[in-house]
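In what follows, subunit A forms one complex with subunit B and a second complex with subunit C.
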Partner chain A sequence: MTTITLPASPRRPDWLPALLLLPALLVVATLFVYPLACSLLYAFRDEKLGVWGWGNFLRAWDLYARDIYFTFGVVLLSTALIGVLAIAIAGYLTLGENRRAVAVLRWLYRWPLFIPVVVAGQMMRTFLAKNGLMNNALMALDLIEPLQAISFLDWRGLVFTFVWKQLPFATLLLAGAMAALDRSMIEAARNLGAGRLRVLWQILMPQLRPTLLVSLILSFVAILSVLSVPMMINAGSPTMITVDMAWRVASYSDYGVANALGFISCAMCGLAAWFYLRQGLREGGRP
Partner chain B sequence: MSFGAARFSASPRAASRSAASPLAVSSFAAAALRNALIVLLALCIFGPLTNLLLWTVTEAWYFPAKLPVSWGFSYWTRVFRPEAGAMLALGNSVLIALSTVALSTLVAIPAGYALAQRGLPLRSLFLLLFLLPQAFPAIAVHLNIARIFYGFGLNGTITGVVLVHALQGLVFSVWITSAAFAAVGSEPIEAARNLGASPLRAFCDVSLPLASPGIIASAIFVFLISIDEFSGTFFVGAPEISTLPLQLYSAATEGNYQIASITALLLLLPSILFMFVVERFLRADVLAKIGT
Partner chain C sequence: MKLERSILGLAVGAALSVYATVSQADTVLTVISGGSQNMVDYVTDYLGPIFEKQNPGVKVKAIGVGPDDAGSQKIVEKLQAQKNAGKNEWDVDVIVPNQQKTGEMVKAGLLMKYRHAIPTGKFAVSPASKMALGVNVDDYVMPMFQSQTAIAYNPTLVKNPPASFDELRQWVAKNPKAFGYNGLKGGMSGVAFVVGWMYAYGGSPDTVQQGPYAAAHEAGWDKAMAELKQFNQQVTFTPGNAGTLDMLNRGEIAMGPVWVDMFYTWKAEGRLPPNMKLKLIAPGMPGQPYYYAIPSKAKNVELAKKFIALATSPQVQANGIVKRFNWYPGIDPNAVKSELSGKDWNELFTDVTPADLAKYAKPFPLAPYFTDLRERYEAKVQD
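Moving on to the complex of A and B:
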């Protein structure tokens, strides 16, 4: 009996991958690219007058200039703190010499990762309030008098919540990338007498700058997109522009100003992306 | 926040501990500082969680009292009454999350399989494309989706909410599924093909079962994203469709700490549960291939 053996890996038809990708690409095109294009375009459209122009931006600036500054400040501060703390925790996880401390830290830092953002918002509403557990603990330790107890549910509450929720994600990425590095270089530097801080700063971090930047940019955008936390923690003035956007749409059906604010938050993300690309070019250009 | 500065200064102290000639005193101080910082981190992480749990069993708690004045479960019965809407919201949340998982998995398996082939033209561009929804502020997109859906009658329907959630979860489902197929490698498939299996048979009997732990992990991520999603549901679903996050938000703005905290606990349980489960499915070889 003769059998015809097939070639080991026959050439696949070229259209097959395209066909397999099609459904996912359709989802992205219809539910992301198209609405985003609408958002960016209609920011320049005054629908009452039926004209194109800067009107929405001028109105958005008139009404919400303070909120725009506030949003940028809160997001930037949160991202910076996430960067510093993620480097510190991931660095200790990689270079720490006390096994028990490393194990405890590894178990500890991940918890907020899986806690829903809305739940984190509600936790902070109770924890950082005037009668929250934080003030109660400080009073119990005699660090503050009951009269000094204040609510932290303002920009500090927002920053605390965002750092709390987003830090494990950045740390996870960074620690994962550190674990994937070749340990022999670390050992060599340690043998030559380099301290752990120096190893972290001069050996690990230069190799991890892309990972760090990606994790920080994703954190920046994630924080900029959160609607529930500022609504729950800090709905008064000044607040974050996500709340203003929801308010413009829900109360006035004013898509023009809402889209202008959306354009501004996209511009903030664009700034972050530009920073990343510039860094990448500088590194690419280095001999 | 001084907390950040303090945590960061741990490293130089810790480094001096292991310097060439460590003094016993400085080594002890460094260890004490390290432990203090870990305790501080633990307090920052578990303090809010504890406060939430306390409120779920509180009957009354006013300002100067450091702990609840009276304890009890009376608010639980109020939350679980049918007219409170929490059970309906829970049902909606689970139904939407499961539908989102089904839709994303259906879309992500072919896409992930195609993206797992290294030779695919424009491969990294496609990977980047699926990341893009995470790289733009979601609110701007969501409020325009709501406007577009309005024309199709999808606002206030489960289908509309599922579509928005599927978009939010897409990068996780596609990237993790692709990593899972890439981790399988080409040898098992070539072996099956050499034994005479058709491409489809090799895919169904070899690739898919070997990649299934990674696919399950991606499903878990999508489920959690859907359960947690707020702004998309807020714009597309509300007020007709209420999910647990929206229910939690309205309880919180009404100022009822107990009901909000109990709703938050309902929302928290699947997340904590899956945290322990996901590690069993997301193996290191798959993890290392995500996004590459």
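Moving on to the complex of A and C:
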């Protein structure tokens, strides 16, 4: 019996991976974590009086309470609509029986993904106006009378634009996850006489809940942070708090209230994240 | 592999050639404009090439940071950051900020006095070249142009346009939703309308424009704001300065406050029907200049002075500012008039006459009043 001694492999020093990670960590820390922490901290700072306290929040609430509700409402409604429509589209892509319709839909639904938010805002601004493309088309089709035309440049325009822009993202995630599921389950259910709606609702969706939740939470956060669309589409007030933040900084050089509004915006995101984590823990697995 | 290598070669070549074009020019004069895209184009397409021709070896680099307070605020932040960092040479040579932020920069010691040292300094005669919303900016600035807001209207829908805020209110009561403006946060033409309203109904307009600042002069504001809130029930809100013009163009509104230069430019580009007209109503609406200024630690001070002298020469003010961009001249109009044909001069004043301007063109309020006014609107009118 001979023992073979392997040549000792050169042991990598422990600090090497850390060193390799360092540049990335530094970038994240200096350009993201540090400014975020500052912004959250300085929400409690009154620069004029030089004291710490709730002043900025009281002021933000005083002036912009309606905008805060409005923002929450618009974002929530948009996210809900995205959820419903994403399930419908992804469901049809997976269960649809008309091949041509599925192919067309598959080709069509992704387009908004490639269009920047600003461009979407600019398009919707002329599309949704009172005498805009949409109403003119409806009039040309004799579907509405000219006097019935109304402008959608308010919360409806916002919801429309957000859903249009963000829906493909949610659908992409959901349809991808559906395609990865074992098709034999669908076929078994169909063989046992389940309708397509029932397959979608009782076979597919229960398995896809985490994916749906992730796509909705990411959509929620993305919509909450958009500045250009409310600037371009929403005429008058109330408006979304991103506009108020920009307004505080630009018009009054008031970072305090802007930071307080940012804090509130972070809190809304935090709420979404909490739902997500709780869901993950309840399912007993990794979040 | 071969393809990759040739792509790499191309990229390196492209990078080198960019480097070469930059390094060929000995000096780069950096101009940051806190104006709309047309103001950046003005430097890139018109002023820059003239200056580069006159000064071989110099390249003018124009950067736009967007209009209104938001854009000029970015200039403030950039200069302040370099000052805080203790740098001795800042990377900006000429800035084009709006009035309010210019005042803030002068107070923060970010700008240098230079007007006495340039030959065109003597043409700076307007009150705006000395005071910017209550801050003494004398010698720190040369006005680039003067801009004015007015009410644009569609003469097919409005035969007799209102001549004052009182008449406008009556008209709006009879024609609900036919007047549109962009509120407070949608751009300066909406802000200008609110300011005009407060000059008409808020009391002591002269003090609000000239100072001194005392909260007692704001006593009449709540009543004026309450009336404005009522007035707002009968108007259409538009999304932004361009939004008002868009809605006029599509016939969704018949009347609304606009910037005069934007109005003429849109008309010239065919984005508004050619019959649209302007009216500057009593007791007046605000306008504002944009300034040329030099940061106090600019790298190329002498070139910056030369650049501003060119930009504020009567020839450039006539051909660039008035003829190409429909702005009112920033320097003494009498010096500019002789450089223009009678037709070009008159075109600028067809709807809004020099007499109207003399009577009804107002500055924006003193900075502290302006802040109070906007906050009061947010609290009283938007709720």
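Keep this in mind: the second predicted complex is superposed on the first by the 269 of 287 C-alpha atoms of A that agree within 3 Å, B and C clash if a C-alpha of one lies under 4 Å from a C-alpha of the other, contacts with A are read in each partner's own complex, and residues count from 1 in each chain.
Everything that follows uses one rule, which is that a contact is a pair of C-beta atoms (placed from the backbone, for glycine too) under 8 Å apart; a residue touches a chain by one contact, two chains touch by 3 or more.
Everything numeric in this text was worked out from a predicted model, so none of it was measured.
With the C-alpha superposition on subunit A as described, subunit C and subunit B clash in the combined arrangement. When the two structures are aligned on the shared chain, A:M231 is found in touch with subunit B and with subunit C.
The wider contact with subunit A, measured as residues touched, comes from B rather than the other of subunit B and subunit C.
In the superposition on chain A, contact of A:G256 is made with neither subunit B nor subunit C.
In the superposition on chain A, A:P112 makes contact with subunit B only, while subunit C stays out of contact range. Once the two complexes are overlaid on the shared chain, A:T126 sits against subunit B and subunit C alike.
In the superposition on chain A, contact is made by A:P35 with subunit B only, not with subunit C. In the overlay built on the shared chain, the residue A:A246 is in contact with subunit B and with subunit C. Remark: of the candidate stretches 79-87, 133-141, 187-195 or 223-231 in subunit B, the one overlapping subunit C after superposition on chain A is 79-87. Overlap of the subunit B and subunit C interfaces on subunit A comprises residues 125-126, 130-132, 231-232, 235, 246, 249. Residues 68-70, 73, 76, 104, 182-183, 185-186, 236-240, 243, 246-247, 250-252, 371, 374-375, 378-379, 382-383 of subunit C are the ones touching subunit A in the complex.
Note for the complex: subunit A touches subunit C at residues 62-63, 66, 125-126, 129-132, 151, 153, 231-239, 243-244, 246-247, 249-253. Contacts from subunit A toward subunit B in the complex involve residues 5-6, 8-9, 12, 16-21, 23-25, 27-28, 31-32, 34-36, 38-39, 42, 81, 84-85, 87-89, 91-92, 96-98, 101, 104-105, 108-128, 130-134, 136-137, 139-140, 146, 149, 156, 159-160, 163-164, 176, 180, 193, 195-198, 200, 217-218, 221-222, 224-228, 231-232, 235, 242, 245-246, 249, 255, 258-259, 262-263, 265-266, 268-269, 273. Listing the residues of subunit B that touch subunit A in their complex gives 1, 4, 7-8, 10-12, 14-16, 18-20, 31, 34-35, 38, 41-52, 54-55, 61-67, 106-108, 110-111, 113-115, 117, 120, 126, 129-130, 132-148, 163-164, 166-167, 170, 174, 186, 190, 193-194, 196, 199, 224, 227-228, 230-231, 234-235, 245, 248-249, 252-253, 257, 260-261, 264, 267-268, 271-272, 274-275, 287-288.
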